[in-house]
Structures are given as structure tokens and as C-alpha cells.
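Same chain, two partners: subunit A is paired with subunit B first, then with subunit C.
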Partner chain A sequence: MKRTKGVASGLIAIVLSAVVFLVPFAFIVLTASKTRGEAALREFSLPSEWAIWENFLAVVQARDYMLLAAFVNSTILTVASIVLMVVLAAMVGYVMQRRPNRWTPLANALVLAGLIIPPAVVPTIWVLQGLGLFRTLPGLVLIEVAYGLSFCVLLFRAFVATIPREVDEAAVIDGAGPVRLFFQVILPLLRSVIWTVVIVQAVAVFNDFQNPLYFLPGDDHATVQLTLYNFRSQYTTQWNLLFMDILLITVPPLIMYAFFNRQIVAGLTSGAVKG
Partner chain B sequence: MHSTHRPLLPRAAAGAAAAVLAAGLAACSTGGDDDGTLNILIDNSEATGSLMQALVDAYTEAHPDVEIELEIRPGGTEGDNIVKTRLQTGDMPDLFFYNSGSLLQALNPSQMLTDLSGETYLDSVTDTFKDGVTSGDAVHGVPVGQAIGGGVLYNLAAYEELGLEVPTTWDEFMANNQAILDAGTAAPVIQTYGTESAWTSQLFVLADNYNVLAAEPDWADAYTANEAHFADTPAALAGFEHLQEVAEAGYLNEDFASLTYNEGLAALVAGEGVHYPILTNALTEIEAVDPEGVDQLGFFGLPGDAPAEAGVTTWLPGALYLPQTNEDPGPAQDFLAFVASTEGCDAQTAGVSVIGPYFIDGCTVPSDVPPAVAQLQAYFDAGLTAPALEFLSPVKGPALEQITVEVGSGIRSAADAAALYDEDVKKQAQQLGLEGW
Partner chain C sequence: MTTTALSAPRERRRDPRRHYPMWFYLPAAAVYGVLFIVPTVASLYFAFTRWNLSGAEFIGFENFALFFREPYLFQGLVNTLIYGALTSGLKVVLGLLLGVFLTSQIIARGYLRSVVFFPVLVSTVGIGVTFAVLMDPSDGLINRALAVIGVDGPGWLTDPNLALVSVALVDVWKGVGLATLIYIAGIVAIPQEYFEAAKVDGASSCQNLRFVILPLLWPATSTVIVLSLIGGLRSFDLIWTMTQGGPGFTSDVVASVIFKQYQAGFWGLSSAGNVVLFLLVSAVMVPLYWLMGRKEVER
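Right, the complex of A and B next:
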């Protein structure tokens, strides 16, 4: 009796998640396969004429193969921002948790300010222009790091608190210097929270629209999210190409998920239990 | 324990952080855009894109040594923000395309844009257009594209079937609506208040400006000076009242609250609705989706209460502007001269289907245009046109579309809506620092 109940609720859960996740995805695929006139109706139906290959070519070739350059830019942006965020936030979180002194409250206030104070576009561009970083990918990487760092520092700081201090002491007694202590002893212990940060921030940076739009203008520098504007405008929208673009942009994160499925789930759950 | 590693750790951490930062910055010498090409920032609408591409292709064919790159930005409020940001930070390319009229005035043109009034090529641009790109004594823009009419697109087949005539007064228009309603096969008037389509609700008010000016020739100046308002000028209030009348008579399509602009156009072509008050650049969108649909539509100006001659309210196309931050304006000026010449409009005609007359002297429109375009052209030939209020006055409130959606949905009365809109424009007029507010 109990068992059939479990099977039934399991089935309901599977059906529900299929409806919630697969139906929108099916809508994207179907619309991406339609001709322009048919896609403009935005109906959930099979296309009367399959144009998936034509749409694929049109999207990839649009504006001089902008999408391909955008994928390169987005990859560099995401990887570089996340490496910087993880290393810097882990260091800051570790120091703030392990060695509080009279500057710690100030540092704390600054971290919180980073979460609370909204970014302003024109002054930030002014600073970037002064540094010679405006319109450059490294400039945008620093922007993403600056906006994401506070959140990461809080996560790392909370997690370091769960690592026993005795681990540090044992390492120091065994002769580890400060650099070795951090990179070889502490950093590996932070693995699960690092996964959490990587997942959360990779999604945030890869999907970011506003910052690339304002801080990295120019077709050469476009990121994938900005290519959506090739097909969508105030008065006219090519829905079939827009959805094809969405489909192509959704694929890389999906592939990543398929490969790193185990680590992602392990990272999220272990972080949840310990944090 | 603490004392042994306290002095070491901060220094090591700082050193590591600096190393990481340096690695991140190592590749930062790219960027910069001054490589001799002419860069032009345009919005991402298909119409602008294909017009500009046609102009660029024709220009580079005549000047093979010049390279022109089009850079694309979003439209709407987001696009406004980008244009303002890039002007303020001195990051605007050599030329940019933007709206004329009240949106241009919001850019602070006299401080940001180069005055072109001394250039000889501007002589061939008509005065109607120059009025829309003038601030103080300075003229700033060269038109790209054709005049746009604001009025009613209607389904020709339905008119033929029911034996209706194009209405010249509001009463005739309402009689036609009643006839369509009685026939029972289609909605008399299409309204679309769905996602991102609320702007379409403003047409009853904005496209009525020809009739307002016919009754009150000084309306625009008095309005800018805060001497006349929508609520206390009967001719201006009529636009709001007409929308209320149409809604109360049950002439609207049933799904007006959720229908979008694109769906509204499809419904009009399919004959599910007969009248759609809209701008004629909708024809570009219809042609892109359904090339034969354009031939099934006609156009007339929004009828007024009793004008002797029915006319149409017109919108000016956008223009190319030269920012003051351009340090080497020679090539840009040369391109502007080309756009303002008859070769320029011939290139536009060759590249894109024409939807209205040009604002450049000597430019002609081909004779085989769709019926709606021919009807719009007839108004221009007869001289029965007047610009929309936003090209005569810098005062335009941001909330008009929400207010007219309320009127069309029967939530707010016309008189109430007009008074609310008068309140709404007050803030904007004060921000612009106009006298009398």
C-alpha cells in the first residue's frame, strides 16, 4: 500500500516537472522551426513547413557571423569573471572569518554596501574611461567581478566558519607557509561552496544583459544575450529567428549541465547541509 | 599561534590578488574604434536597418575608399537610455540615427549635436522636416525614410462587401462601425493593449491633431506655453472622447486587452477586424510577414467632428545627427550630403518598399505603390496634412499610453483622462525648463 502511494506521487512529480520544463522548451524548438509568418502567430503547434535549417543559417550568419564572435566573448567573459570571483572571494572570506580585527567591521560594511547600493552607469563609465578600460572585455570582466563579489564573499565567509580552526593549526605546525596553507589546505576544503558560487555566478554572468549593453558597446564586443536584439525591435520581431537564437544560447549551459551534473548536485546539496 | 603567521598572511594574500588582477588586465590593449571607418549607430528596427543598408551600399559604391559600419542598438526606452549615456560619456560614433521631434529635444541637442544649418545640402530638406529637428536657431538632422501617416488602416474587402464609403467625419465613421457591427462577421475597431503594445492605444488622441489644429490653429503654441490644455480645449478633448465612444458602443474586438500589435495587424489583414487606428509604418511590418497582405488594406486620416476637408496627422521619420564629439566630421558631413540628395532617396526607394513621400526636394515616389500608400500620398498632394503634436511642441507626457488604455478599457472617462494627462505633462515640461509651467 505504502509502496504504490510512493510510486504514484513519484509519477505525479515526474509529469509535473516534465510539463513545467519540457513544454516551454518544446515551444522554443517548434517556433524556431517555423517560417516567419507562421511564427508571428505564436501558436503551440507543429510547423506546416519545417524551416529549422534555414533559420539556423540565418541566425548564425546575421550581422556578419556576430553570434559566433558573441559566443567567444561570452565564454571568455564568464570564465574570467568566475575565476577572479572565486579566488578573490575565497581569500577575502577566509581572512575576514579567521582573523577579525578593528578593520573587519568596515570591510563588512563595504561588502554589504556592494550588495545594497545600486550601480550607476555614467559614473562607472567615467571611471573606466579614466583607467582606459572602457569598451574592453577586461573592463567588463572587472565590472562583473565587482557586482558579484559581495555575494560570493558572504558565501565563503559563512562556509569557512564551518572548517575547524585545528586544520589551519595542524598545517602551520607541519610547516605550511601562508600561501600554501590557503591554496593547498583551505581551498580544497571549500570545494562544495566553490561549486555553488560557480553555478550561481556562471548563470548570472552568462545571462547578463544590462552590463554588456552599457559597458561594452559595439558589434565586435557583443555577448550572446545581446544578439537577441538582432531579431527583436520595438515595432517588428522575427519570432522564428528570435527563438532559434534563444535555442542556440540555451544549448551550451545544457551541455555543461549534462557533463557536470554530478558535481553540480553534490556541490549544491553538501553546501546546503553544511552551510 | 596567531602571532606566528599574523604578519605573513595579509601580505601574501595581497600579492596573490595583485597577480590575479594583472593576469586579468593583460589583454586590455584592444578596443578603440578610430580606424578611419565611418561608424553609425542605428536602432534595431528592420525598417531603419534596411534603409540605412541601402544608403550605405549606394554610397560606398560611389566612394569605394570609404568604409562604413552600422552599429545596432535596441529601440524604445532602453534605446533612449543608450543614446543619452553615449552622448554624455562622449562615446557616440561619428553619426547616429534617432527620432525627430520631442524625443530629440530630450537629448539637449544644442549642447550635444552639431548645428548643420550652415550646410548647403540642408537647402533641399523641406521646412516641415527642419521644424522637427530644430532647437533654437540650430538645425540638427537629415531625414532618413519617408513620411508616416497616423490614421486608420482598414480592410478593403470588408468595405467593398458592405458597400461602405471612406468616412470624412466622425459621425460617418461611427455609422460605418455600426454597419460592420450589424453585419456581425468582424469587429469594427481593433485595439491592442497586450504585451508591449500599449502605445497603440494613443492613436485616437495623437492622430487627431490635424482636426485639433483645424479648429484651433494656435493650439500647439498655446499648449507649449501652458495656456491651453487637453481638458479645457474641446477640440483636443475630442480625441479622448472618441476613444470612449468607440469603447462604450461595443465596437472593439473582444480580446482588445490581451491582443498585441502584431496580432492586431494579422487580424486586420485576415478581416477579423475592419478598422485599426495605427501609424502607416505598420505596412512595413505587414509586408515582412505577409507580402500580399499589404494590398488588402486602405488608409484614411482619423475623421474629425466637422472639418471642411478631412486630412491626416503625419509623423516625421527619424534623422541622422552629428554629435559634437566627432573630431573629424568631414566624412560624416559628406555622407549626410549624400543622404539629403535625390541620389540618397533613390537609393532608399531601390532598397526598401516606399510607404510615403520623402522630405527632400526633387525626390519622387514610384507609381506602383500599395493602395494605402497611394491614399496617404493623396493627402500630401492635396496639402491636407499637419504634423503630430510631438513635432510642434516638446511637451509630451510619459503616461499617455497608460491613460488611453484606461479610457479604451472603460476604466476612466474621457474628461477625467484628459485632466490626468494634463497633470502628467506638467512634470516633463518643468524638467525641460519651459516658460510658464
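Right, the complex of A and C next:
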């Protein structure tokens, strides 16, 4: 009885989920594989003639291989900001947990502020211009680091608490200084939480649209999300190419999900149980 | 005597000042301070100025007065609250129902969990552009499907009364997977004894949900509310790619107003928008934290 109920509601759920969640993605894939004329109808149907490879080439070659350049930019942005975020946030989380003193409440308050306060856009541009970093990739990297630090520090601090202090003491007896203690002993022990941070932030930075729009405008260093936004005004009549672009930009996070879904789930739900 | 001799070096080894140097804070503090704290503090000054290419001139509360006087700015303020409340409310309700459903004994549970979750990871711009096409009033997929069953679909993004709600629905579609995931983690962590005890007492599944699951899931609920409110009140990407605040300014939120004023060169007004958004988020979050803290104690 219970079993059949589970099967029946499961089947209904499969159909519903397919309509609600899979149809929009099927629509992207199908439109991306149609010829220009057919895609213009914007129907949910199988293409009569598959043009997926032609569309792929056309999108990649458009505007002098701009999409490839954008993928390179987005990759540099994502990798650089995540490396910095992990190292800087791990250092802070580690000292915050190991050495509570009168500065710790201030650090805590700043971490919370970083989670809640919406960044002030124009003054940030003003500061970046003063530093000569406005409209540069390094500038955007530092912005992503600054905005992502709070979340990472919270995760690292919670995880460092689970590493026994005896580990530190053993390393100190063996003659490790503070830098070696952290980079050669503690950091390797943080491996699992580092993966979580890397994956959650990689998806966030790669998909970020607002910050590149403000701090890295123009075509020179456009990220993939910006090219998609720009392509939209350019391809109003070439729906097949627009959707091919969406498809290509959607793929990297989904690949990450396929490989790392355990870490993603762990990262996103941390704190949900304890509150 | 011997004890002090033994404990002295041990004390030194344990002395945190030696092994956990404060300069570990420095690199992070430099980046965070220069690119987050300084602009945030500066915005508190620039919000009171008329600031454009020719410089900043102090004008007192004029920018804030504008925000409450001009309908195209005030609408953004109201819309932000509507958008935040709508998305976070729907995410709590749908996320809870999906979470309960996806932890029950059903077939294809793993598949269903993945399907509900994966839009969370997909580019917001991509989803915005796709749904803008799907929601097209005449030849969008949604209205064509409605036409098949004889319903005359509305102009989802072109109707001034509906545009904001439509964008909020897409936001929920994209974000409900995260809420579901948080609820699933919370439900799985509930010890089985509670359900067994409820069963012995003869609780129905509705009573189970109301009196067992819901109270024990309070931490998960508060996480979902906090995350979705912070995200919803600051939301920009989806609104900008789907409607750009239109038609007119009926789906503008504070974040899109900030961008529009920045583009138009009214930097002071844009900064004032930031301060308004900051105050709005604090005005919502501080009482919420307080309320949640109280609820925690009552439990």
C-alpha cells in the first residue's frame, strides 16, 4: 500500500518536474540546434534540420572570437579570485578561531556586515579609479574577493574549530614557526572545506553579472555573462545563436555539479542544521 | 616548585600570541577594508552630495527627499519590499513542501532532488533571457501552452501590474532548489525517535508536519528566510535581464534604480540609493534577527 503510493506520487512528481524544470532547458537545447528561420518561430519542437555544429561555430567565431576571449577572462577571474579568497579567508578564520581576543568581536561584526550590507557601487568605482584598477581584470578579482570573504571566513572558522589544538602543539614541538604551522599543517587539513568554498564560490563568481557590469564594462575584458547580455541586443533575430550562447554558458556549472554535487550540497547547507 | 618548572615551557608553547600571529588578518583586512569598508563609509558622505563629472557638492538630505518624492524612485523602494517578501515567502512554503516530499518514500528521489536543485547553479542572465522569451505575450511557450487548454495568457512581462510578480516567480523557480536542499538537510537531521513517538500517539501526516517537523525545522526555516531576504532585497541580475525595470518603471527595484542613476551620471543620487537599500535591508534584518533569537529561546 505504502509502496504503491510512493510509486504513484513519484510518477506524478517526475512528470511535473519535467514540465516545470526540464522544459525550459530542453527549449534552450532545441532552439540552439535549429536553423535561423526555424528558431525564429520560437516553438517547442524538434528541429527538422539539426544545425547544432554550425550554430556552435557561428557563436564562437562571432565578433572575432569574442566568446572565446570571454571564456578566458571568466576563467582567469574565477581561478584568481578563488585562490585569493581561500588563502586570505583561511588565514582569518584560523586566527579568529584559535586566538580570541578583544579584536575578535570587531572581526565578527565586519564578517556579518559583509554578508548583509549591499556594496556601495559608485563610491567603489571612485576608489578603484583612485587605485588605477577600474576597468581592469585585477580590479574585478579583488572586488570578488572582498565580497566573497565573509562567507568563506564563516566556513573556515567553523571548520578550524574541529581540528584539535594538539595538532598545532605537535607541529610547534617539531619546530614549526607560525607560517609553516599554518601553510604546511593546518591548510592541508582544511581540504574538505576548501573544496566546498572553491565550488560554491566558483559557481557564484562565474555566474556573476552585476559586478562585471559595473566594474569591468566594455568589450575589452568582457566576461561570459556580459557577452551573453550584449549578444542579446545583437541577436534579436538570430534566436538559434542566442540560445547556443546560453547553452555554452550554462554548461560549465552543470559539469561542476555532476562531479562535485556532494561538496556543493555540503557547502550550501552548512549552518542550516545548527542554525 | 617542580610544577611551575614543568608548566612554564608548556605555557609558552600554548601562548597563542606566538603561533597565531595577528598579521594573518592583514591581507584580508586590506582588500576588504579598501574595497568594501571605505566605499561603504564614503557612500554615507556622497549620498548627501550632488555628485557628477564636475565634482561633489553638499546638498544635505535632498537626494533622500527625492527618493520619497519622485514616484519613479519611490516605486523602486516599494517594489523591493514586495519582491523580497514574495520571493522569500514562496521559497519557504515551496521549499518546505518539496523538502518533506523529497525525503518521503517515493521513487526517483535522487533524480527529483537533482532536477529541483540544478537551476540554482545556472547563469542568472541565461535564465533571465530564456524566460523573457518563454513569457512573451503572443508567441511565448507559456502562453501558447495556456492557449491549448483555452486560457488567454496575460502579458507576463508587459503588463505593468504583473511584470514584477513574473520576475519574482522566475526568481523562485531558480532559487527554490536551495531552500529545498536546506530543508532536506534539516529534516534528515531530525532523530527518528520523534516520528516514532508521534506515530505511537497516533499523529496524522498533517499533524506530523505541523507539530513535529515544523518546530524542529526552525533553524532551517530561519536560514532560508535570511538567505532569500538578503538575496531578494538586493536582487538585480534577473530584473535587469528580464525587464530592465519596465514597463516604465513598474518593476524597478532599488538595485536597478542605483544602476540607472549611475548610468545617467547622477552619482550622488545613486549613492543615496545604496544608503537607502542598506537602511532597508537593516530595517528588515535587525528585527528579524531579534525575532528569531526570541523564537530560539522559546523552543
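Annotations
Operating definition for what follows: the second predicted complex is superposed on the first by the 211 of 275 C-alpha atoms of A that agree within 3 Å, B and C clash if a C-alpha of one lies under 4 Å from a C-alpha of the other, contacts with A are read in each partner's own complex, and residues count from 1 in each chain.
Here, a residue touches a chain if its C-beta (ideal position, glycine included) is under 8 Å from a C-beta of that chain, and two chains touch if they have at least 3 such contacts.
Worth saying up front: this structure is predicted, and the values here are computed from it rather than measured.
By the touch criterion stated above, A:W126 is placed in contact with subunit B and with subunit C alike.
Applying the stated contact rule after C-alpha superposition, one finds that A:P138 touches subunit B and leaves subunit C untouched. By the touch criterion defined above, A:P105 lies against neither subunit B nor subunit C after alignment on the C-alpha atoms of chain A. In the superposed pair of complexes, A:I117 makes contact with subunit C only, with no contact to subunit B. With both structures placed on the common chain, the touch criterion links A:G6 to subunit C but leaves subunit B unconnected.
Of the two partner chains, subunit B is the only one that A:A80 touches; subunit C does not reach it.
In the superposition on chain A, contact of A:F44 is made with subunit C only, not with subunit B. Shared-chain residue A:R36: touches subunit B; no touch with subunit C.
Taking subunit B and subunit C in turn and counting the residues of subunit A each one touches, the greater count comes from C. The residues of subunit A shared by its contacts with subunit B and with subunit C are 41, 84, 87-88, 91, 95, 99, 121-122, 126, 142, 169, 172, 178, 181-182, 213-214, 229, 232. Across the complex, subunit B is touched by residues 36-37, 40-41, 63, 80, 83-84, 87-88, 91, 95, 99, 121-122, 125-126, 129, 132-139, 141-142, 169, 172, 177-179, 181-182, 213-214, 217-219, 221, 229-230, 232-238 of subunit A. Residues 2-3, 6-7, 9-11, 13-14, 17-18, 20-24, 27-28, 41-44, 84, 87-89, 91-92, 94-95, 98-99, 103, 107, 110, 113-124, 126-128, 131, 142-143, 145-147, 149, 153, 168-169, 172-173, 178, 181-182, 203, 206-207, 209-210, 213-214, 224-225, 228-229, 232, 239, 242-243, 246, 249-250, 253-254, 256-257, 261, 264-265, 268-269, 271-275 of subunit A touch subunit C in their complex. Against subunit A, in their complex, subunit B makes its touches with residues 1-2, 4-6, 8-10, 12-13, 16-17, 20-21, 24-28, 30-33, 43-47, 69, 71-76, 78-79, 82, 85-86, 88-89, 91, 261-263, 266, 281-282, 284-285, 288-290. Within the complex formed with subunit A, the subunit C residues making contact are 13-14, 16-22, 24-25, 27-29, 31-32, 34-40, 42-43, 46, 51, 101, 104-109, 111-112, 114-116, 118-127, 129-131, 133-134, 136, 139-141, 144, 173, 178, 181-182, 184-186, 189, 218-220, 222-223, 230, 233-234, 236-237, 240-241, 255, 258-259, 262, 267, 270-271, 274-275, 277-278, 281-282, 285, 296.
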